[in-house]
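Read the structure below first, then the notes.
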């Protein structure tokens, strides 16, 4: 049996299917970005429209809001698959669930974290982020949101069988996001202040690698638990 | 003499595909059934019977190990299921209450995806399978435009595509008309004859030759149900 | 069978009966240690040159913070044992550990604030240790909320255990990150429990208090586990016999 070949075939099929579903429900994909934009708009209204004040807060604000937008999008990650029985079929596939789960979290990132990252510089302009901060913001979000998707998927898997899992998901996952937030925001801030930021970026990369390796283990366990409900 | 007969049943064709040994399930400290000893051979079609709430679905889910907490043992070709898990899964097709059909996809896409989880199918195979369940002409329509029964039949179309030996079907007749049921039953008999086995639950009695019955009322905890949780000391 | 003892360990009844004998001893030892430590620390330990008498709150703050962190690991290990060996008792311990740990974390936070007022003139300072403690508190709350959300006890146990294990991997990362963050942003003089050498006359009562808190923790954990066992095993013969004999 050409098992390795059929593994890649299965993974490709999961990847393609999730992308197709995401694109057929484009409006769902837009929601986190619109949320990001709206909350950013609230900031000058709530704090101060003065560019100097905003510039000082921008790195942290952008990161916190991106994190929240990511968090809001997580609830749907396994929800429909659970509701229509696809999750059972995925678990019963002879192919390792570990890899299937990696693909699913990856697609989640491609359809939420990556678009957020892409629009973030535009929102940086709205918050008067100094120009030195744009590339670090972009790079830190690129690595950071990938971590957020994988760590968040643990929460999504743990709460998928609960009817009202959304808020609970945020509660259990937000504390786990603290390190990513710290290093993400500090990458941008360092760059703005003219301090080397590659160190913080490297730590973000390490978090990302750790999350890619370890989070799927917890997700697999949580999904198998969830179908027992 | 006895030794001789047991030896002869060990021959290839007669080795049970699945063996339940003192098998039982407990949910929320209520014994659903216990002490099941049952063999399923290649060529068997088994109906799991019992009134609502006796644990038919639980039995099927425990068999697929979607519910891993059960008492006793299940053997797959003589090996403990947990040790032969992947071999078992590669020979398993499970269709539960939830058919695993995505509404935003078309029947063709749904079927292509589901069959890719265990093997691959060509497009013409998929279209043939859809025609078999009466969905010819609906291949490219989004599933949210189809009825609940049609959606269920997409899942059943997998039966025409799969190479799996063991079919575990929870209420396959739901939302299928009389002609459809007849066709399914013919398919089950054919699959059994090819050396596979079918384990199903159903409200109406299937009209299948040599149908085997596994009646859960024979194994229910019954009045003594509380007695068996009393010790409760060992959680296994 | 060599595993007999292990299964016995997993038996709630066995646990209940064994701990019935241990409980008074552990309780007594913990009480003695706590009384000795508290009297020594509050009345006899010397006054701090800089902080005066207000430093004495460390005799509660430090042991509580200690046990709050250790308690999370105890909870997670209990959860891991539950997952690996399907041991119901272990899950019971995990469930009991969560509220105790959360309470200790809360005590550490409050005593930290009380200490902060005379020291810095404000109830709350975003200090690395306090911030880490606050996040630990959130982690406890998350585990408890998740367990509470499930109707099915079995699922609740597994969910709690998985989240607790994820937390244990994250806690060192969170602590290190927060530490790093504050060394970057704040002068080191604000450290709550500075590394400045502590005089033995102050340290001994502190060590006694930490030992006393460990004893108290063990006692509380056993007590809550026993209560939980009685509740979940209330239909069994031995619990009925136990209740009727009282």
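Annotations for the structure displayed:
In order of appearance the chains are A, B and C, and numbering begins at 1 in each one.
The rule we apply is simple: a residue touches a chain if its C-beta (ideal position, glycine included) is under 8 Å from a C-beta of that chain, and two chains touch if they have at least 3 such contacts.
Quantities reported herein were computed from a predicted structural model and do not represent experimental measurements.
Taking each chain's centre as the mean of its CA atoms, C is the chain most distant from subunit B. More inter-chain C-beta contacts link the pair A-C than the other of A-C and B-C. Inter-chain spacing, taken between the CA centroids of subunit A and subunit B, is 37 Å. Subunit A and subunit C, compared by their mean Cα positions, are separated by 32 Å.
Note on chain placement: the centre of subunit B and the centre of subunit C lie 47 Å apart, centres being C-alpha means. For subunit A, residues that reach two or more other chains under the stated contact definition are 228. Those residues of subunit C in touch with two or more other chains are numbered 152, 154. The residues of subunit B that reach two or more other chains are 69, listed in rising order.
Subunit A makes touch with subunit C in their complex at residues 154, 158-159, 161-162, 165, 168, 171-176, 178-179, 182-183, 186, 207, 214, 218, 221-222, 225-226, 228-229.
Partner subunit C is touched in their complex by these residues of subunit B: 28-29, 69, 226, 229-236. Against subunit A, the residues of subunit C that register as touching in their complex are 83, 135, 138-139, 141-143, 145-146, 149-150, 152, 154-155, 158-159, 162-163, 165-167, 169-170, 173-174, 176-178, 180-181, 184.
Residues of subunit C that touch subunit B in their complex: 7, 10-14, 86-89, 152-154, 233, 235-237. Listing the residues of subunit A that touch subunit B in their complex gives 6, 9-10, 13-14, 17, 20-21, 24-25, 80, 83-86, 88-95, 224, 227-228.
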